[in-house]
Amino acid sequence: MAKRLMKGNEAIGEAAIAAGAPNYFAYPITPQSEVAEYLCWRLPEVDGVFVQAESEVAVGNMLFGASASGKRVFTTSSSPGISLMQETISYMAGAHLPVVFVNIMRGGPGLGGILPAQSDYFQATKGGGHGDYRIIVLAPSSVQEAVDMMLWAFDLAEKYLTPVMLIGDGMIGQMMESVEFPDKYREENNPDEIEWALTGAKGRKARICKSLFLNPEQLEENSFLLAEKYKKIKKAERRCELYNVKDDNKIIITSYGTMARICQTAIDELEGEGVSVGLFRPITLFPYPEEELYAEGSKKNIKCVLSVEMSTGQMVEDVERIMKGKKKIDFFGRTGGVVPSPDEVKDKVRKILRIKK
Amino acid sequence: MAKRLMKGNEAIGEAAIAAGAPNYFAYPITPQSEVAEYLCWRLPEVDGVFVQAESEVAVGNMLFGASASGKRVFTTSSSPGISLMQETISYMAGAHLPVVFVNIMRGGPGLGGILPAQSDYFQATKGGGHGDYRIIVLAPSSVQEAVDMMLWAFDLAEKYLTPVMLIGDGMIGQMMESVEFPDKYREENNPDEIEWALTGAKGRKARICKSLFLNPEQLEENSFLLAEKYKKIKKAERRCELYNVKDDNKIIITSYGTMARICQTAIDELEGEGVSVGLFRPITLFPYPEEELYAEGSKKNIKCVLSVEMSTGQMVEDVERIMKGKKKIDFFGRTGGVVPSPDEVKDKVRKILRIKK
Amino acid sequence: MPGVRIDKNYCKGCELCVHACPMHILEMSKDINLKGYYYAKLKEPTKCIGCQICAITCPDVAIDVHTHGSQFILFEY
Amino acid sequence: MPGVRIDKNYCKGCELCVHACPMHILEMSKDINLKGYYYAKLKEPTKCIGCQICAITCPDVAIDVHTHGSQFILFEY
Amino acid sequence: MAQQNEVVFAGFGGQGIMTAGQLLAYTAMEEGKHVCWIPSYGPEMRGGTANCTVVVSDKRIGSPIINHPYSACVFNRPSLEKFGGLIKKDGLLLINSSLIDVSSERDDLTEYLIPVNDIAVKVGNPKVANIIMLAAYIEMTGIIKFKSLKNMLTKKLGKKKDLLEINYSALEEGRKLAKKLVK
Amino acid sequence: MAQQNEVVFAGFGGQGIMTAGQLLAYTAMEEGKHVCWIPSYGPEMRGGTANCTVVVSDKRIGSPIINHPYSACVFNRPSLEKFGGLIKKDGLLLINSSLIDVSSERDDLTEYLIPVNDIAVKVGNPKVANIIMLAAYIEMTGIIKFKSLKNMLTKKLGKKKDLLEINYSALEEGRKLAKKLVK
Amino acid sequence: MTSSPTLIFKRPDAMSENVTHYCPGCTHGVIHRLVAESLDELGLRDRAVGVAPVGCSVLIYNYFNVDFLEAPHGRAPALATGFKRVRPDMIVFTYQGDGDLASIGMGEIVHAANRGEKFTTIFVNNAIYGMTGGQMAPTTMPNQRTTTSPAGRDVNKAGFPIRMSEMLSTLKTPSYIARVGVFTPMHIINAKKAIKKAFRLQMEGKCFSMVEVLSTCPTNWGINPIESTKWVKTDMEPYFPLGVFSDPERGDD
Amino acid sequence: MTSSPTLIFKRPDAMSENVTHYCPGCTHGVIHRLVAESLDELGLRDRAVGVAPVGCSVLIYNYFNVDFLEAPHGRAPALATGFKRVRPDMIVFTYQGDGDLASIGMGEIVHAANRGEKFTTIFVNNAIYGMTGGQMAPTTMPNQRTTTSPAGRDVNKAGFPIRMSEMLSTLKTPSYIARVGVFTPMHIINAKKAIKKAFRLQMEGKCFSMVEVLSTCPTNWGINPIESTKWVKTDMEPYFPLGVFSDPERGDD
């Protein structure tokens, strides 16, 4: 298909349609209301479902119901709205239902602000809800990647029967970039072909979609089943991108999403100054590409692994864990809607390497 | 005061009164409904406030409002209920308000079951809500400790102006043990003496209690302020208990709450068999006693640090991070309401040490 | 002739049917069922008019009603 | 004699007061204020009856009303 | 007495199972012991069964959950089936023979049959079966002093003279029978 | 042309700021370039100011946020104040001299004054000031081909013949002026 | 007794063979049967999906031969909305207690009704939180003792019981809303009619439909099943009058 | 002009000097002033606490000389409940938009009203989500175009606008509930009376009180301020009639 110049928020909406998921439930919140504003006219064109819910709690639960039908469903929201969905995310994980959540993160905590941030990393990757569950977390760094990951997200959700969350910051939602969609849009699922879908107990035993197991052994079994699933996901679905990774790197920066692009610019400019820095960009935040980071980060030439985030430091805890004390870990972050500039990243790198400007 | 035999749930309620916090807002949920059933008649005796709210979302927000008055306030709930409070917890953290949440954890995810579990560790310690915030997390292992920690929790909340969460499992709530309360109950706060309380703008500038900062620099400033606060908390408030920690320990078990008591029994019995195992029990889960664990866990004699939890493995990630690759980390857990027996813990220890029974 | 059949293993002994039967021909047995409940039973089978009221009342769907020819129709159901 | 004072820096030029004044004595200025709005002003001060309607209408509390002796009381407020 | 003693009281709802356990726990606490009482709660409660575990110890108590208790007092058949096999080797099992006509079929236990319901009826109130069992248990284990238990009952029932008398009798009957059985 | 060019369009709401940026982005994309358009969104928008950044590059674009852009087209005074100082050394600054009567006071920039509002009025529609600015900017930087931009306008406005004509004129006027200024 | 007798009343096909976990005399069981019979009689079992609440009836799916979803506490109407919107050809119903629907789930039921979602809600009002051990519900009667109102509901602090049917029927969006009882056989017969009508209206794609059923909770009310049905009549019905509050076929809105 | 003139209308003391961020002609500003005047006239400023919503009026605290709390979206009534319960001697009010109160905050407002919490709610109904850019609200008029109903609100899919005042006044718990407008000077004068009465009733410890105010959103409605006030009259008022729906002093319940 031809390239189109599109805003991230709108491209995400279109991508869901391309993924065969024209079923959208949402509640307005900045900076992603354009998704709804796009889909409210676009979905009727493709006989999709658009419901503006009364709240994010309701959104989560509409998705819960709709997902059990076997059709592909999704929502988009931003930080406070995602917090309100935590109970339901836990339920859907427990009930093994596929669903895609998009969190266009804004500054927090609380009402915070509406500018870009990455401070929901913990919530997304450690599970903001209760109980033993995880969700798959994807972090695009461009509009095209957001589109590609939406397509992938629905596949992953269905493959593993699990909630998947795409997290981007306000920039991903607001910026326009050129983007391509698949030539052929995926057909919607036919519920009758899905063995777990609730389609009416015609000629078969009734199906029950639930997360309650009053017998603790059964509940444990379900939790172990989930744990098994996460193990498989960890094995098969880790993705990352390396940039400028070379034998003379002194530092490996870990950074994701648009923040990683800012780091790329910094790295390019540093390279021009003769300072060699590599970038490790996790694309999947859960499963985190642990082996990959450890492999790159623990190379002889590396002095320090530097986590750069738009937060006060969240992913850095994972980096610490993964690096097993092998190297010095450092952190640089701005938060609350302040987007660090390449210059700031460069300054931090120079400081670590004790390079005078 | 004389010793009393009391159910954990009721003792927690009484402890709040002793702490000068006879202001309780809650919604029923097993296995902690006895707190409300106790307080609904007990609080009127001390002119306290008891409100049965319409939902946990409302509970969180009633606490939000009540806390801003400068009085001490609290709630108790269980896993799914706590998930529903995540947005509000984030707001209260952002607005620097003190409040005490008690989570008597049950098996999850989803509706799960009602039997004891520890599978909300991630949610509590990493922040289930959005944005850059943490909360103080305390884990009592006996009814007396639950009482003592309630007293401490309110002090901590007020000292740092932050939400504090006490997490116990169903056992902590359901068991009766002997317990002592302070001879003198603390008086309720006088709001007029609290410099941040909303008391009416009489003879002073109006006070605003908020988490919105539309200017990103200001929001960042608030986040850095919070980060600073957490640093202080990490420095000053780490607590842990060591049990049977000796130079001939081969293994250090990390375990908290009632699970740690089960490990104690296992350790005692192993000691009888000539197998020396020490217990590291974090009392504060945030701030995690990191230095302390590292110090104990990295001793020469230790072969392995074993995290024992009633979950599929959550705290173990922190243990991994803290141990910096120094020692082998292992994990044993049962979940979903299945409480591991000392025998199972012993078996796991023997397996690690390759001891035939 | 109409009649009812009470499946004693569904019965929880709530006595609602006994209370409801217009012919007063149900009673509680002296024996208990597997779950430990004293169950309902028909004490005078010949007097049953097949009105279904007992069955309609039973929260545990423990009662079947059958007929064999005539039956009183007290209501449309 | 009554009169009004319009603080032009509060005014956002919504024209609601102009529309509301029963004496039709308000108008929009040709100049803009600091925020870039054309603000309201009193074109015929002597005709003002001090009815307060403009002030009551103004969403930006840009208008004060004062009097000096007599004033029309159109309503209790 | 061992350093730590654990006992499970088990029966169906209404047999005073929880109360028996709590009385033991209260009394042991008054005697300065470490105690922990824990009920089973959860879905099985709906079925009408009830049980609780009491741990009494001279030192701080480890696990509140006892998978293999030292002793058990079982009041009905399902409870015997549930706990009979779990008791520690060389442990103690008291069976309410008024309602249970079988035994544990274990030969590594000390087992006694006590018709507590029948005795309770004799004493004058079927509701004191739990007290009879408790008295017998105490007599056999010496886990707490008989007198302390009596004081505790007096304290709890002080105002209800009639009930107190019947409870005293129940205590005595339980003790008497226990003495007879052990001898 | 440099490998990567960045430009900020800034003014107040209603001046067609966003559209100008988007037109540039669309056209550059059609020419096969990498592009990224990003608006400022957030509280300051309420104040009536609007700005967007367009990055055009021959290779994959790194940071979408440009703290120090190569160039800026400012349409009102607050925008000049905000962005005047941020432009890279040796960068380019186009100032709408119809509304701005001062300059950046920087001597390390190439700066041109273009009275786009006045020209727009002359052309016949005050709304095409943004197009005039864009045309001038393109003429000066060669960031995209003039013809491509014209084609893009034709594509976007194809149905509205009148408007198209005025836009063509605006393009021409912008180009003409730019040529004159640069010479 | 020569020819074999015909069964004129039997367990409906839509019900499973399982014995329920409900307490003796609890009328949740009656209401289950009425729903099952309605599905059977309208031929809907094959394409029905139920949404279970959190409450005593959380295990409802064990008692039906019907596909079921289990909702978080109070959110069944949102799940039903989601499901029905993507599968308008199916028949969707929620089964909810009063704590579930009128307390935590207030927002969801009001908005589903107001959007006119085409599903059916069976609302079991037993004036208490049954499952969690008898706490006060929004529908608890004035002065009724519960575990969280040991001295009786104090209307000065907790307000009066909420009448959901009355409240929802003030919405302009068309709906079918009725309140029925199951405390005498005659009431059960009428309750059946209302429930069946609610499903029929859904079948016809007409409107949102809700039947509020006054039900008993002998266990937490602390009285026996027969006394419980009497208490519904004497204490609940006067405050919660039976009737049809909104009916698209009656031409009111 | 010899003696100095007296000010007969001036900025109320309870208002701060700040210029609001509201769009020109937005009647949020008028409603702010009416609240401030009421507090002043009743002498309540010193012991008042406001609860700000999330919506265009989230920054309300910048415009008052009154202590303020900022609630999560929709939850102001819960915050007010919490505060008022522990400080019954203070005067508490929430100020909420229609998205805030009638959509996400439905559960909280219904239950606060039903418990009879002794605070005052100022409910600003402008038939749209102002702050987030003009999406459909539960109060959006049939066929009204918004950014999420570009072809106009379709009542078949989104239902009819919710009339909160009517709905809440069906609750039996005593309350004062009135709907007013600020679209003509005369309406503003009446609105003031209602708001002042609401605060007075709270002062007297009487009941929950709510005043719904029909307000404008010129920006998102896409018409000028004067047209906006007209639109309230012609399009909103017929559906949202003004009046007192519940009044403890009128003796209805």
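The letters A, B, C, D, E, F, G and H name the chains in turn, as written, and every chain counts its residues from 1.
Basically, contacts are C-beta pairs under 8 Å (C-beta built on N, C-alpha and C of every residue); 3 or more make two chains touch, one makes a residue touch a chain.
Because the structure is predicted, anything quoted here is derived from the model rather than measured.
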Query - Steps needed, at fewest, to go from chain B to chain C via touching chains - result: 2
**Report entry** Chain pair with more C-beta contacts, A-G versus C-G
**Finding:** A-G
Requested in this report: Indicate the whole-number Å distance between the mean C-alpha point of chain E and the mean C-alpha point of chain F.
Outcome: 88
**Report entry** Centre-of-Cα separation between chain G and chain F, whole angstrom
**Finding:** 63
Query raised in the report: Using mean CA coordinates as chain centres, what's the chain D-chain H distance in Å?
Result: 25
Query raised in the report: What residues in chain A touch two or more of the other chains?
Result: 30, 54-55, 57, 80, 87, 91, 95, 110-111, 113-115, 210-212, 214-216, 337
Report summary line: By the touch definition above, chain E meets two or more other chains at residues 42-43
**Report entry** For chain G, residues that touch 2 or more chains besides their own
**Finding:** 58, 70, 72, 103-104, 106-107, 111, 138, 158
Requested in this report: In the complex, go through chain A and note every residue touching chain F.
Outcome: 3, 5, 30-31, 113-115, 170-171, 174-178, 258, 261-262, 264-265, 268, 337, 339, 341-343
**Report entry** Touching residues on chain E, where the partner in the complex is chain B
**Finding:** 22, 25-26, 29, 34-39, 41-43, 61-65, 67
Requested in this report: State the interface residues of chain A toward chain B in the complex, per the touch definition above.
Outcome: 57, 79-80, 82-84, 86-87, 90-95, 105, 107-115, 117, 119-120, 122-123, 126-133, 210-224, 226-227, 311-314, 317, 320-321, 323-326, 334-338
Report summary line: chain B contacts chain G in the complex at 27-30, 33, 36-37, 40-41, 52, 54-56, 80, 110-111
**Report entry** Of chain H, residues touching chain A in the complex
**Finding:** 54, 58, 70, 72-74, 99, 103-104, 106, 129, 131-133, 135-136, 138, 147-151, 158
